[in-house]
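When the chains are written out, they are named A, B, C and D in that same order, and each has its own residue count from 1.
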Amino acid sequence: MRYTDNKVQELKIAYIGGGSRGWAWKLMSDLALEPALSGTVYLYDIDHEAAKSNEIIGNRIHTIEGGRDNFVYKTADTLAEAAANADFVIISILPGTFDEMEVDVHAPEEYGIYQSVGDTAGPGGTIRALRCLPMIEKIAHAVAEHCPDAWVINYTNPMSMCMRMLYRVFPKIKAFGCCHEVFGTQRFLAQVVTEELGIEEVLREDIKVNVVGINHFTWLTDAHYRNADIYPLYRQYCEKHWADGIPVSEEIKKCWMNYFRSEEKVKMDLFLRFGVIAAAGDRHLAEFCPGAWYLKNPETVAKWGFNLTPVHWRKQDLASRLEKSSRLCSGEEVFALAPSGEEGVQQMKAILGLGDLVTNVNLPNRGQIPNLPFDAVVETNARFTSDDVRPVFAGNVPQNVVGLMAATVANQENTVAAVLERNLDRAFVSFLHDPLMTVGIEDARTLYQKMLKGTEKYLGDYQK
Amino acid sequence: MRYTDNKVQELKIAYIGGGSRGWAWKLMSDLALEPALSGTVYLYDIDHEAAKSNEIIGNRIHTIEGGRDNFVYKTADTLAEAAANADFVIISILPGTFDEMEVDVHAPEEYGIYQSVGDTAGPGGTIRALRCLPMIEKIAHAVAEHCPDAWVINYTNPMSMCMRMLYRVFPKIKAFGCCHEVFGTQRFLAQVVTEELGIEEVLREDIKVNVVGINHFTWLTDAHYRNADIYPLYRQYCEKHWADGIPVSEEIKKCWMNYFRSEEKVKMDLFLRFGVIAAAGDRHLAEFCPGAWYLKNPETVAKWGFNLTPVHWRKQDLASRLEKSSRLCSGEEVFALAPSGEEGVQQMKAILGLGDLVTNVNLPNRGQIPNLPFDAVVETNARFTSDDVRPVFAGNVPQNVVGLMAATVANQENTVAAVLERNLDRAFVSFLHDPLMTVGIEDARTLYQKMLKGTEKYLGDYQK
Amino acid sequence: MRYTDNKVQELKIAYIGGGSRGWAWKLMSDLALEPALSGTVYLYDIDHEAAKSNEIIGNRIHTIEGGRDNFVYKTADTLAEAAANADFVIISILPGTFDEMEVDVHAPEEYGIYQSVGDTAGPGGTIRALRCLPMIEKIAHAVAEHCPDAWVINYTNPMSMCMRMLYRVFPKIKAFGCCHEVFGTQRFLAQVVTEELGIEEVLREDIKVNVVGINHFTWLTDAHYRNADIYPLYRQYCEKHWADGIPVSEEIKKCWMNYFRSEEKVKMDLFLRFGVIAAAGDRHLAEFCPGAWYLKNPETVAKWGFNLTPVHWRKQDLASRLEKSSRLCSGEEVFALAPSGEEGVQQMKAILGLGDLVTNVNLPNRGQIPNLPFDAVVETNARFTSDDVRPVFAGNVPQNVVGLMAATVANQENTVAAVLERNLDRAFVSFLHDPLMTVGIEDARTLYQKMLKGTEKYLGDYQK
Amino acid sequence: MRYTDNKVQELKIAYIGGGSRGWAWKLMSDLALEPALSGTVYLYDIDHEAAKSNEIIGNRIHTIEGGRDNFVYKTADTLAEAAANADFVIISILPGTFDEMEVDVHAPEEYGIYQSVGDTAGPGGTIRALRCLPMIEKIAHAVAEHCPDAWVINYTNPMSMCMRMLYRVFPKIKAFGCCHEVFGTQRFLAQVVTEELGIEEVLREDIKVNVVGINHFTWLTDAHYRNADIYPLYRQYCEKHWADGIPVSEEIKKCWMNYFRSEEKVKMDLFLRFGVIAAAGDRHLAEFCPGAWYLKNPETVAKWGFNLTPVHWRKQDLASRLEKSSRLCSGEEVFALAPSGEEGVQQMKAILGLGDLVTNVNLPNRGQIPNLPFDAVVETNARFTSDDVRPVFAGNVPQNVVGLMAATVANQENTVAAVLERNLDRAFVSFLHDPLMTVGIEDARTLYQKMLKGTEKYLGDYQK
């Protein structure tokens, strides 16, 4: 890595999960559009072919109109090769396939347990952690060995537990975890400002927020636009819209995005009950609440204006992305260069000394949230500057909200400890004690066994 | 108060709830049997007649064989009169009547929510707190005004929230809360020692334990008899007895004690799952766990070898205690002098400098349990000595257990804050988020309204 | 206050100490140069004439070339009038006169105690606190009563104790304390970067630092320029320059600035001993170290390449500023409009939602420095955004440095408590235990009495 | 180890420093007088002959009138042999000889630095730590390897640093550190009770105290006798006696005990200044205060009614103990069986489940003193019971006192870290920053070099 004249050259970026047909393409696009950076991206994936395809796609970008050759893409044969002396390590892996995820999400439905996402909280979140965390553990060891000074950016879910594992294995790791859920709420609050104050074109970045909580269950204890306090505006807004929700267009309802639609009713309901702004998509928020609240059954979900995301749709979507990948490789389709709206490249620039940034990320709790456990992974604002990412003091989770996340934080800590011990009995404690787990101990045990079975290929080194 | 020659004379004890026909009689007995103490007990009760009866009963004790006149009993007309310059204040009140408690315990059953006690946790615990905490608040103000240096001993449930209220109102109060649930578990462990080591006559006091948790949901992270570690013994014992439980005699099953019986199956189940000794009666332990575990329905309760305590039994029992009271007043029945097994008098002696004591009590968390919130009321060992009660450092609640109590602690904090604000909407957050609350938001709201109705006489000064 | 179109109008700023002929003029200049703000500045000063002069000077600014009439200046007759509904309150007072300061600084010299500044640490710092803190207490009450939502910016020394007093009196105050000492070190590090890396024109703002410590005794645990770590560069630099120091020009040595000159030898010495970058002027750093280190006697001071600032010079300087003031009032001299290099106006803009900022300020410790006491006032980076100033997590003061400030932090806490009690005996504990206090108890007591005498006009309401 | 019938047999005790002619004899005596314990004591000492002599002396005890053969003494050839499967490890070593100690104590006198003890604080304390801590480090490794479940009792000075080293090397060690200084103050307070209340024969054990602080600089925030608060009594007493001190008998002044005599003037002075009871011998207390207070020069020391303990006296005393040792070995002199007044054997019994105990010991700070650093070694009460020693929550060091120990605690942490790194430059920071170090940097460096020279035999593996 070499700095000159407000540019950094010869960067080495290791992309773990480099065969990704989602996040990887967004990053490629953002990197190509960034004039201040250049270097090499090493793509590592256990699906070697997928990485290879992305290598081809990435190296073709400079041929596109507006494309540049600032980054070269190389497939790495091993994790070690990718990690060796990397400046940045990006972790964006799919732990297992959608076959396993299908079990994670849908097996509990037989027991009346519905999950709107199933990759973070709920029984699906725990099972996904059992598959995913040993992979993260391996990556943490690789970082410790091959690039201990690298900055590690994680995008993989379950976010909090992945981050916790990275720090448990290698406490000096310089890692943070990124998620765009808060951005979505900032956009929603921008609409609130527009409606309540009549100001047009309010930018997401201008909604200034103080974030407290854990990933996908984040709350805003302050929200301002310029010198205006959004809290009273939001109250007026919620009182108007709580009953009917924010309408979703017919267009969206008809297309695939219907699975992700939200009438924001959960968010507004939480605000009216707790007096604090919940700041993630309703699909995520619902999964952290007791099962009987928003996810009792499909009718309840419908009533609250959001949707369950079925894994068969994810499979279908993957098939279409696979086709797109081969069209991009062959040149049949041209890679679309456009800013992704994600902040990864800006974060890298800030770390490289090319412009400071404050944004929300996931980091171990050093006291930024005094009433969540020290060392647990929490989401708050952090300041990014030269070789440095530090949390901004966020303050307590409000007293009447903290109980909603306290058990989950404890379950996450317990699951990570269970994975380190490869102890499925210990992990069952988290599974059983999840807010969505509305069945008794015996049924929970039966369901657990069934779900372990569904993911057994990835549990080879657990104690039996 | 005057000390001479290992005796303390002229003590003034204020007994709030002095009309009690349970705890009050135990204390009278223990005081009469204690040679080192003498003085006056002021009995204050909103049921003035009940206090009057106890005055008569108390003042007759010296006429009994073995009875002494070391304590004089006086009915106080006002709280202020009782509290004025008291050395000790004992709080043992029944908030409301069993009519209100009947609603607390049984109204939720229509919604499939069963409570084995209903005075601490669960929806009943929250509603009881709404009635009880304003009374405790008033007592705390009286202590601050009339006897700020007095030691305050609370026996009233919900214990943790009563204690929290005392400290929120008067932070310098010298108060602790006593409960005998841990003693019961020590007795059970004494049986374990007898069975596993073949040692007869193991005393409860010789089971040395380290207590962590919150009242009625306490756990033992260490347990020894002499130099023997009870943990491995208990594991053997539980593996033998978990399936069938500890048999309860037919005799007990036939009498009133059947409502309190326990085959210790919940306790052993929790041990086998979490690897930590739960230390309260099964009826209490069950109420802190998710509703589907041990309290799903009466069949589940039966299967786990304990019983629901119906309030009609309490009413019946009260009637018989009322009759007994009048017999004791009239002299028809002779007051039975016998050690109660409670530690109140020993605690008072220790505070008076007549012999140190270490036992478990409820106190604000000053760091004795680092992973529960600072200032929340927790139960651990404490050292009692001259004018001093200090928690012994207890350490963390084990990582896989802490989640089970984290939400409850947060709910308790929220309920106390809600009562201070007289804010029923805020209290609904705790009600809704209780581990036993297995129904959805709307049903919970309906149930809440119904239960508030059942207790409305005591909610006069809440915001509507 | 009214926001439109990236501008804020009708601001009300209360300037306490508004007769100042230093900081006040800087602020006037910065405000006049700021296109985004307008409103009224209320000048309050116990020296009413001084405030009146500044009113005249301020209201004449728009007549200067480049001057604007965005701010109107008004003399306030009372603190209450200045504070009423203010948006910002600026505190920049001189507690007492230079006659009292002369005693603060020079009386200890008879006992062999030399102070290079005498307004923060050392015996002079304690005595100044006894004069100053009751004034700050009064201001805090005024803020609580007249403008509880105002943002309060303190520039007055002793900074840490003034800030602590503000928060002790009114815990919800939105106050921070500003000091430019770290800026000076950033400028020095910019020179280091230039010398070691050959990069010209390194801006102070581009020296990215992590600040830990207390005001005037701040340390940098990280320092970067772009992606270059300054630590190894600084080591090379110090090894080269430690012995001879950084030469001060003959020009400076001849003029008044000689009193403030520094060869940076103290700073480099501290770095070579502790391995951490000390970040304040050498005159300040020296005062926090044991008296025998850098301030043993004038020869030692000279050897370490800095100077003692005599109060007779301050008096002389004040006289010339008084003359200047009357020339400015009369129009004889034209007010010089130029950016001051201070950040006050930028901070206000950030708080008003006109552009975020991260900079170092003094705030109560909420955990941003885990190994200094919670609630003590510490200096770290903080993030400024809409109606919000929050510390950035700074981490521990390095283990081998923290001892140097631990006693001082404790002394400051004790002094503030002593002033709240108006208890001179309690304050003597801090006086006696200061690192510069090299004499025995009796001499210290004599000196204390003498210094109290020197400041007695301001000690009217202390207990005798 | 085997428990039966309230006795523990077959104990293995490892005594490191087993050649001791002081503590070892006290322990032998106490063990012989204890009917409940029996077993073997392994004596290990680098002075093998000394251990051998104690073996002979110990094994002869049963021949004395009243002596018993419950313990057998064996000299261990290696640390490993002594430690192997020990139940208790006692550490009571002399690091180096009195030749080294002579330099520790007297070399600083040339620079006007006087130390009344020189084994804990002051320059002597730091140098002693450099010799001692590597030995302790080795012992900690031996415990971790050979008897990880043993209870370790340390008597060696510098106590706090020895304890800290044990825990840094082996964090799971079950170690505590014992010191009898607080006992002395309890005895003094018993005299106060006798004088002020006219009560004769007040037992030390009946002075109930709450201890906060660090070893040899402990303070009592509460002190009671029965139900009487000693604080107001002590104030009266100090006001009477502060000026003249408590007379020391002519007899004592003439004998060797003169070196340890104290008129308690330092203690009373500290009380009158800080309002808190200091609880160690004046010789120790003085060393933690700034050098100019009580140790400025021999005249000041005399004025404050205590004495400097010269090492030539220690040498002389050792010679007489060596003679005594050979007389005891040969049988010429009969070993005197008498209770030592120390609590080691009672502590062992409590740990073995033979009777609980609360007493003051040195333990890592787990929060028992919230305003001293977590993990630093502090002295407070602790509860001893079966296989368990836990601190009692002690509360904050009073605000006006904590500054006096804050720098010392930081220096101790730094010294331990320096020894772990074998880094003499880092240790110099503690040396230089000691409260007794009244000289400048250059003189301090010269003195440090000289003192290192005096102890160089023990510094073999430090970095040069």
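Here is the rule we use: contacts are C-beta pairs under 8 Å (C-beta built on N, C-alpha and C of every residue); 3 or more make two chains touch, one makes a residue touch a chain.
Small disclaimer: the values here were computed from a predicted structure and weren't measured.
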Subunit B to subunit C, fewest steps along touching chains: 2
Maximum centroid distance from subunit D, chain identifier (CA atoms): A
Between subunit A and subunit C, centroid-to-centroid distance (C-alpha), Å: 43
Chain centre separation (subunit A, subunit D; CA means) in Å: 55
In subunit B, residues with contacts to at least two other chains: none
In contact (per the touch rule at the top): chain pairs: A-B, A-C, B-D, C-D
Of subunit A, residues touching subunit B in the complex: 269, 273-274, 290, 292-293, 296, 300, 371, 373, 399-400, 402-404, 406-411, 413-414, 417, 425-426, 428-430, 432-433, 437-441, 444
Interfacial residue positions of subunit B with respect to subunit D in the complex: 1, 3, 8, 208, 210, 222, 224-229, 352-354, 356, 358, 366-368, 370, 381, 383, 385-388, 390-395
